[in-house]
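These notes open a run of structures that come right after.
You will see two complexes here that share chain A, one where it goes with chain B and one where it goes with chain C.
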Partner chain A sequence: MLAGIYGLMESFLPFSFMKYDFIKNSFLAILIITPLFGLLGTMIVNNKMAFFSDALGHSAFTGIALGTLLGIANTDLSMAGFAVVFALVLNVIKRRKTISADTIISVFSSVSMAAGLVMLSKNGEFSKYSSLLVGDILSIQPKEILLLFGIFLLTLVFFGCCFNALHAQSVHEALARSRGVPVAAVDNAFSVLIALIVMFSIRWVGILIINALLILPAAAARNLASNMREYHRFSVAISLFSGVTGLLLSFYNDTATGPTIVLAAAAVFFLSLGAKVVFHL
Partner chain B sequence: MRFKKDLILLGILGIVAIVSAGITVLFNGGTEKKEPKLQITASFYPMYIITLNLTEDVDGVEAGCMTQNQTGCLHDYQMTTRDMKTLENTDIFVINGGGMESFLEDVIKSNPSLTVLDAGEKLTEVLESHKEHPASGDGEQEEEGNAHFWLNPEYYCTQIRTVAEGLAAWDKDHAEKYRENADAYVEKVEKIAEELKKLKVSSGSVIVFHDAFAYLAEYLGLKVARIVELDGETSLGAGEVAEIMEEVRSENISCLFTEAQYSLEAADTIEKETGAVSYVIDSLVTGDGGKDSYLEGMERNLEVLKKAFGTLRFREGGY
Partner chain C sequence: MKKEAEMEKECRLAAPSKKAVRACGFHCIKVKDLGVKLENEVILEHVNLHIHCGRLISVIGKNGAGKSTLIRAILGEVPYTGSIEFRDVRQKTAEKLRIGYVPQHLNIEKNSPTSVYDLFASFISRVPVFLCKKKPVEEKIKKQLAMFQAEDLLNKRVCDLSGGQLQRVLLSLAVCPLPNLLLLDEPVSGIDQKGMDSFYQTIHRLKTRYDLSILMVSHDLEYVRRYSDQVVLLEKTVIKQGTPEEIFKSREYKETFVSG
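Then we have the complex of A and B:
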């Protein structure tokens, strides 16, 4: 099946860079990750969870450190497990409303980052994982792409069933609750979904820029869109466009891929901001 | 109205695409090169210098290096798109071996047809013995082994010969030339090795700030009291600095071998508090790309070592 996809890509995209398998792999990965991020980003921006997803990214270090400490061979699992726990605990404390949400997220974010660094530096292994900071989409393998595709389908299903509830909650939480929306459950499910997506793509995208990829397309789309449908359509389109442009740019100019994608998305964001002002959108 | 917004978005994306294309054209103004008959690529600087010397005056062979001349050691090296591209067009990939090229598995996976020439294939025993080096610090590098063979001139010569034989087997037309070049280069290295040997001592300990220097110390007959692992990202813990100071005092160590590539602050602190002198040694992993840079670097190290050994003898009471 893989050969078939490769063949299709070669005939549809007859560029010199397409002859490399690693480019095909990362191209496929980008075709999956970017729409996923575009879609998810809209909800993250709506529910004011930008900081939350950033904190999740930072917890990756602790997840890995715990994994090595407990002797789990596949640190992806410990990373995802820890992120899910992290997200749920954070949600519980956040809902108590004893401290403001951004403070508690910041506390969690710095604690998990520091804990991860302490554990990894104790074993002298930090430098081994420093590649997590910027990520490396070029080394992605077909099996991992398949996993991402699975998560993509999961996200579509989640959006299919929970979009209205999630949206209602982002508009007015108390109102949503009075209408019988299980606010806490939906919130938790969404947080777990973000945790999984962030953790399974962090190796490819990198801790330092994963949030930019989640937020920038959605923010740019928000500048232009006037209804929910447009908002999502634009966000996915911008995300996809930035991903492909960034990959091509990084290939021809020898720059790191992840940050290049972010810059492309940032360019779209600032132009859309300008367009919003000029065209009075 | 909805239509207009789509147009605006398209316009924005178009602008970004055009600017991107412009940037790319600007940075890559016609640098296409003709491909030579045989492309040999080295993984990093020391291997590049070997390859450069071996392929001197050999027609139709191009020696290149995957990493930049200033990359330094390959610890945890992250491959870039450029590296992948370079390797796609490579016939022979010369590596140091011993686990130095941690990315090798990925490389072979994406380039199954690439011929990999392992310069360290005859040095596996050396690697084994350095794995269980009793003097090595906390035991982190025990798992990976110490693959900085080239700092021991003897092993470096083994690497030169290994690469030369590998190239000779692959490119039979020039086999003789490769061997000749190897002889000439080994001779030059041996000349410096002789000089180094004159410094050889029967006792004395040193603390090294890079496991690479363990090989140099071994060649000089020095006992490595401790290998302090430094890398670009992490700093020494306070406990470790104190431990090193204790060791310097208790074992009467007068020299610290540090490396310019990494931070020197820790060594400075230790120097100030204990009176041991730190000497900056070149681990020969960076340079200007000249084919004699190993020889020149070793000469400089020789000068530094002469000074260092002056202190060592003084401490040992007129050795």
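Then we have the complex of A and C:
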């Protein structure tokens, strides 16, 4: 099957660099990750969870460190497990409303970042993990692409069954509850989904820029959209466009792929902002 | 997704029909000895209310008197002691209370790509609004909005609506499906005189045409006097309740609003 997809890519994308398998892999990964981020980002921005998803990214180091300490061979699992727990605990504290949400998220974010760095830097071994900061999409393997595709499908299913509830609770929690929306359950499920997606893509996208990729396309789409359908279509399209453009540019200019994609998305954001001001959208 | 016939039934009041259902007068909502304590501070205690269908009850009181907490308790948003019962007087049976709620504000800030359709459909339909717009759902929302002369707002962004327009949209949503009790939490803050008049007339029409009770928290004493059937003066507990005339003449009212 993989050979078939490779063949298709070679015939449809007649670039000289397409002859390398690692380029094909990263191209495929971009085709999955960017629409996924575009879709997810819309509701992260809408529900004001930008800071939350950023904190989740920062918890990656601790997840890996804990995995190493506990002797778990696949640190991806410990990373995802830790992030899910982290997200749920944050939600519980957030719901108590005794401390403002941005403060508590910031505290959790810095603690988990620092704890991870302390554990990983013991015996001067941190350099082994520093690639996690910017990510390396060119090293992705077919098995990992398949995993991303699975998560993509999971996200589609979640959006298909829970989108309206998620949107309703973002508009007004008490109103949603009064109409039978299981607000806490939907919020938790969405947080866990964000945690899984962030963790399973962080190796390829990088801790420092993952949030930019989640937020920028949605933020740009907000400048142009007048309803939820436009919002999501624009966001996915902008994300995909920035992903492909960034990958090509990074290949030609020999720069890191993730940050190049972010710059492409940022360019679209500022263009959309300009369009909004000029055309009074 | 709900079947269309079912949706139609639920929103039978959507069409401005001539043979509108009037209040039957046989339902009542009894709030018995309700108390709310938050972080060891008593916010409400011994609140007793008796709400008949077809009535507009206004809750007035100073800031911090517990008016909004009362609404939140009835909604089940805060833990409370005592009971809230919905009864059919003829059959003497307890029924499940269906609440319609109009909040003070929505968490929709400027630049939010949520149209009135998106807002409405998210609450009444399961077809994900980010994916497509369904004709039957759209028709139903239009009918519902038409009850409050708001059908033209269907495709507007919620963040671009004026205060009065938003209240009309929220009212249309709150009465779909028709509730037994409509809760209005300071529904007209930030609306001009003309908007206030039309809002209270709409509420009045709603009350006389349909089988529901309305409980409203309000600061607009003049409108409360003109439109309410019953007024509840709240200060941690019900310190006085009765007809508007009774309340506005009472010593308790003067102590709260005139000298206080």
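Structure notes:
Just so we're on the same page, the second predicted complex is superposed on the first by the 280 of 281 C-alpha atoms of A that agree within 3 Å, B and C clash if a C-alpha of one lies under 4 Å from a C-alpha of the other, contacts with A are read in each partner's own complex, and residues count from 1 in each chain.
As a convention for this text, a contact is a pair of C-beta atoms (placed from the backbone, for glycine too) under 8 Å apart; a residue touches a chain by one contact, two chains touch by 3 or more.
Predicted model, so just to flag it, every value in this text is computed and none were measured.
Contact with chain B, but none with chain C, is seen for A:F279 once the two complexes are overlaid on the shared chain.
In the superposed model, A:S250 lies in contact with chain B only, and not with chain C. Contact with chain B, but none with chain C, is seen for A:S121 once the two complexes are overlaid on the shared chain.
In the superposition on chain A, A:F241 makes contact with chain B only, while chain C stays out of contact range.
Of the two partner chains, chain B and chain C are each touched by A:A225.
Applying the stated contact rule after C-alpha superposition, one finds that A:S131 touches chain B and leaves chain C untouched. One of chain B and chain C touches more residues of chain A, and that partner is B. Chain A uses residues 225-226, 230 to touch chain B in one structure and chain C in the other.
The touching residues of chain C, when paired with chain A in their complex, are 72, 75-77, 99-101, 103, 106-108, 111-115, 117-119, 121-123, 125-133, 155, 157. Considering their complex, residues 20-22, 121, 123-128, 130-131, 136, 138-139, 141, 224-226, 230, 234, 237-238, 241, 245, 248-254, 256-257, 264, 267-268, 271-272, 275, 279, 281 of chain A touch chain B. Contact residues of chain B toward chain A in the complex are 2, 4-5, 8-9, 11-13, 15-17, 19-20, 23-24, 27-28, 75-76, 78-82, 84-85, 88, 106, 109-110, 138, 140, 229, 231-234, 237.
By the touch criterion stated above, chain A contacts chain C in their complex at residues 42, 46, 159-161, 163-165, 167-168, 170-172, 174-179, 181, 221-223, 225-232.
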